[in-house]
Amino acid sequence: MKLGMVGLGRMGANLVRRLMRDGHQCVVHDLNEETVRELAREGAIGATSLEDLVAKLDKPRAVWLMLPAAVVQPTLDELVPLLEPDDTVIDGGNSFYRDDMARAKRLAALQLHYVDCGTSGGVWGLDRGYCLMIGGEGAAVRRLDPVFRTIAPGRGSAEPTPSRTRNGTAPDGYLHCGPSGAGHFVKMVHNGVEYGMMGAIAEGLSIIRHANVGKKGRAIDAETAPLRDPEAYQYDIDVAEVAEVWRRGSVVGSWLVDLIADALARSPQLDGFEGRVSDSGEGRWTVDAAIDESVPAPVITSALIERFESRGLGQFTDAALSAMRSEFGGHAEKRG
Amino acid sequence: MKLGMVGLGRMGANLVRRLMRDGHQCVVHDLNEETVRELAREGAIGATSLEDLVAKLDKPRAVWLMLPAAVVQPTLDELVPLLEPDDTVIDGGNSFYRDDMARAKRLAALQLHYVDCGTSGGVWGLDRGYCLMIGGEGAAVRRLDPVFRTIAPGRGSAEPTPSRTRNGTAPDGYLHCGPSGAGHFVKMVHNGVEYGMMGAIAEGLSIIRHANVGKKGRAIDAETAPLRDPEAYQYDIDVAEVAEVWRRGSVVGSWLVDLIADALARSPQLDGFEGRVSDSGEGRWTVDAAIDESVPAPVITSALIERFESRGLGQFTDAALSAMRSEFGGHAEKRG
Amino acid sequence: MKLGMVGLGRMGANLVRRLMRDGHQCVVHDLNEETVRELAREGAIGATSLEDLVAKLDKPRAVWLMLPAAVVQPTLDELVPLLEPDDTVIDGGNSFYRDDMARAKRLAALQLHYVDCGTSGGVWGLDRGYCLMIGGEGAAVRRLDPVFRTIAPGRGSAEPTPSRTRNGTAPDGYLHCGPSGAGHFVKMVHNGVEYGMMGAIAEGLSIIRHANVGKKGRAIDAETAPLRDPEAYQYDIDVAEVAEVWRRGSVVGSWLVDLIADALARSPQLDGFEGRVSDSGEGRWTVDAAIDESVPAPVITSALIERFESRGLGQFTDAALSAMRSEFGGHAEKRG
Amino acid sequence: MKLGMVGLGRMGANLVRRLMRDGHQCVVHDLNEETVRELAREGAIGATSLEDLVAKLDKPRAVWLMLPAAVVQPTLDELVPLLEPDDTVIDGGNSFYRDDMARAKRLAALQLHYVDCGTSGGVWGLDRGYCLMIGGEGAAVRRLDPVFRTIAPGRGSAEPTPSRTRNGTAPDGYLHCGPSGAGHFVKMVHNGVEYGMMGAIAEGLSIIRHANVGKKGRAIDAETAPLRDPEAYQYDIDVAEVAEVWRRGSVVGSWLVDLIADALARSPQLDGFEGRVSDSGEGRWTVDAAIDESVPAPVITSALIERFESRGLGQFTDAALSAMRSEFGGHAEKRG
């Protein structure tokens, strides 16, 4: 079918390519005109403005937004007046699910459909396909089925789940999760899970990398915990090789282990990474949701906090700890 | 080559089968005579005792122990006097790596070789192969290369790592990690990572499952935190389908997600699981190692603690919390 | 001065008593007429309705609400129309600080003053005094100074801080923290700190209480982590005595330790406490604020999650963990 | 009574002073001769060597060691041959309780007594008294009662616990906790509790200090989580005043809050503290014990990990996280 794509960053551009490979027509727009031209050279229909994009689509239209969360609302403010009843807007980015709920309600009042779609797959999705987590009313979602089916990885991309007996599109790699917001809710939690898995893998590799701490002397003073068994920490283990071997047959086998194995193959010291880990919202929202639901989520929460620590955001807390130690014990702070 | 296998539980028996499929000869022993007979019917050479097993092996012998950690030492006490210089013992179970260090030293004094081998793959290893993390002196490990190569999944079991340029056996699914204990050290941390990944996945599914808490009333009293936005928690999301869709194209794609998708396909409510999660040592040891090394490992540590909580082990702590609340605020404890 | 008090629960009634002891006049109202009569017998002016209460106060009036958070808004809806310009409402309960911001704005439009006041001290405050954390515009707060000064513990209740050189009311036990909401913001975080301190104390006592685990056998199987050094856990330590001794001279000396010592003096096994620990909102909001601010708060957050665990809210997570273990390792779940 | 004191650092010297004030005689030794002379000027009996110290004590002797944990064993190696049956050694420092168990056994074989005594109170103990947690056989501990009674804060240092009906020395501020090692076990956990309480207080103050984050712009890009409600974080709250007000009447009232209030009174920005927080062993051992006992201790554990983070020890973990993000999403790391 014919789809409008607004936002041609890494993700948006590759979605268009994957759609065109499978025979869909795409009308594309981005503030960066060069990207529009590039995709036009690859077969897309370029649009110079949202108005132009809307004009070039067939009714009822389907417009997919692939934009940073902060840009979605202004874009909607401009786009919606251009649309007509029964048109559909898909937000394929990482919007907060509560924004979806509000937007869907506003669009419904104009007889427009709104579909939220969490899209996972990163820079590899062009070839692997993207995992799609979809929210919205059933009819609107069903109408987009050909698009979702193309974007998703497809049934052959993994072995069938042995015990599975049900029908449905989940094995194709896309899922209608529920009403408006449900898609981004599931994607939000997906990213929370991702934080936790990443934290576990990174910590494990770090513990292995420091298995040689017994070789280094540790200061003997009242400020430093002694290492009781230095002879048990004399290993120089190659973490790049460990990541590689974990890719096969192990319980921790996962795409994330594949990726860190690749990064470590390039640089076993991870040169070029200082270790300031961003968090782009979904992890926080996942923790907020867990708290609202009273669901204990210590692993995911710890992974979020670990990212804050990586950026040095605990500085005042730590200074207060040092200050208390100084007050009660006369402990001078050790310098790095 | 010819290998002795002591311990024919789930893991040991399947190791033998995988070895025989690839043309190796196995002399097998277990306290359970029926298991010995069963494997003999499948082509193994049964042994009625450790003495018998030793007698049936070619020199220099190689004896693989696949036993619960607590049984390794008594078995070694009985086995070692039967061996001769240049024989090798492999501990393929989940021993604590410091025990390996001590055992290797003791065996070396008798001119025996000791190899520790962490074996991951669970009940699925017969077909998928097992990921092997190996410790010990180089010559002893190299001599066992044909055995490791057979047991491991092999190069074809995963896509090559794009940036990889080095040689080595890691892409075959087995790795000589370092001197005695290094294999079980890496396996120990592997299991710690496994705890963290499992925790992240389980928590995420739980947060999704409880996305309908807004539908339930919550008591309005001073003892209960109110849910501020019940309208944002009205989703009934099918977690079994979510797990299935995450198997394809998503960043959290992993064997563990495959497994929980299978369990949920069988029972979306996870009937039959009360939720008392065991921990069998490696997770604890991983946290101990992280602490010894001063490496922050909040994710893995939280996953361990979560398992303690699942078994109700925080009861006195919680009673003390309730008691304090009662003391300062006159809060009566709410009953379940 | 003359103050209206609405809500005569534990806290409200004792605030009135403390105010009357110091010569203030109180007009009191509660839905429970018996409580009104009781305080009237002690010298307060009873009011049968909000209208009556308003009528019995001098202009400009000051009405203190001491109500569960969920009841504040309906009470305001009824009270506000009865007030006149320059009157003041004080919310002394545990409202969410963002509600204060909204309410202050709405009242300001009617030329009414709104003061938020976090009140700590629990059932002991009548004698000890209450720690007050106050938000609102300066003039409104200053006008209430005689009331705050009476309610607060006063300068003599603790040794002076040696390095302190500044003026201000903090050493008297009350503090104007900032504009509307700042009082409840600081009280919210105060309660978060309280959660963390309580968790630390309760966990420590639990670790001491279980210092005899080495005396108990632990199952020897693949599902149970062995205790490597049972001889190091043979202590039967009296936690009630430990709590008592910590009250004097130790770094952990605190009111909370005083309280748990009292509870343990009454019942060393904490009989009567099942261990289901409520959380009444402030802890959650504190964690939400930490996340919004990107401040790592692992201790406070863990204390919140620990309360969720105490109420069995991790059940589905735990079942999922057991299910995964069963899938990959054939581990049957151990029953309690 | 007459007591030998070996080690005249902050703690040792003040113990001697407190003992002399109460009429005890002290024979003192330290490698630093000037400190010995100083205490001799204050009334102590100086000793130039351990031999000299032993010679100057009355039989049966009592020698108190107040030394860094790492120096205890070499000192014992030199001291023990100088002692005679029925003499007693007290280790008042922060030794690991398992070392006490071994040492007590070795000394018992020589008919010597060994008492372990955890001593809390820091630089303030001279005036406040020290909280003492004592392990060892009953007779040896009882014989030292006059010494403990002097060192401890005494009954008057806190209000009586209302519900307390038992006898015993705990209200005097010292407690015989159990057999050898029990004193240091309880002190170890005490310090673990201290970590948790400190973490809670420091985090809380940090959350309050950053209550103005809404005033600062946050980058709008895909790498940075947006602050959804900047208008709710506009408070400039004076944390020094907050710490001061919390000292009176609040539930978090504690010596640690007293101390941070003092530090903040000196410098509201905590100038001079970079925030690298040492940990000197007891926190780690507490967590190890909790794990051995299978007691969930998330709060204390988080506080320990927070200290590791404060020293930048998560660097490789964080680099691995950044590397994974770069691999799957093409996320470039944001620089500080």
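When the chains are written out, they are named A, B, C and D in that same order, and each has its own residue count from 1.
One rule holds for everything that comes next: a residue touches a chain if its C-beta (ideal position, glycine included) is under 8 Å from a C-beta of that chain, and two chains touch if they have at least 3 such contacts.
These numbers come from a predicted model, not from an experiment.
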Relative to chain D, chain with the most remote C-alpha centre: A
Inter-copy rotation, chain B to chain C, in degrees (Cα atoms; steps of 5): 180
Duplicate of the A-B contact set - from B-D, B-C or C-D, the pair where over half of the pairs recur: C-D
Pair exhibiting more inter-chain C-beta contacts, A-D or A-C: A-D
Chain copies touching (chain B, chain D) - same or different residues, decided at half shared: same
Between chain A and chain D, centroid-to-centroid distance (C-alpha), Å: 43
CA centroid of chain A to CA centroid of chain C, Å: 38
Interface hub residues of chain A, defined as touching at least two other chains: 122, 199, 201, 203, 206, 210, 225, 228, 251, 255-256, 262-263, 284, 292, 294-298, 301-302, 305-306, 309, 311, 314, 317, 328
Pairwise touch network: line, ring, star, complete, or other: complete
Residue ranges of chain A in contact with chain C within the complex: 251, 284, 287-288, 291-292, 294-298, 301-302, 304-305, 308-309, 311, 313-314, 317, 328
Chain B to chain A touching residues, read off their complex: 97-98, 101, 120-122, 125, 128-133, 152-154, 157-159, 161-166, 168-175, 177-179, 181-182, 185-186, 189-197, 199-201, 203-204, 206-208, 210-211, 213, 225, 227-229, 231-238, 240-242, 244-258, 261-263, 265-266, 286, 289-290, 292-303, 305-306, 309
Chain B-touching residues of chain C, taken from the complex the two chains share: 10, 68-70, 94, 96, 122-124, 198-199, 201-203, 205-206, 209-210, 220-226, 228, 255-256, 259-260, 262-264, 270, 273-281, 283-284, 298, 302, 306-307, 309-312, 314-331, 333-336
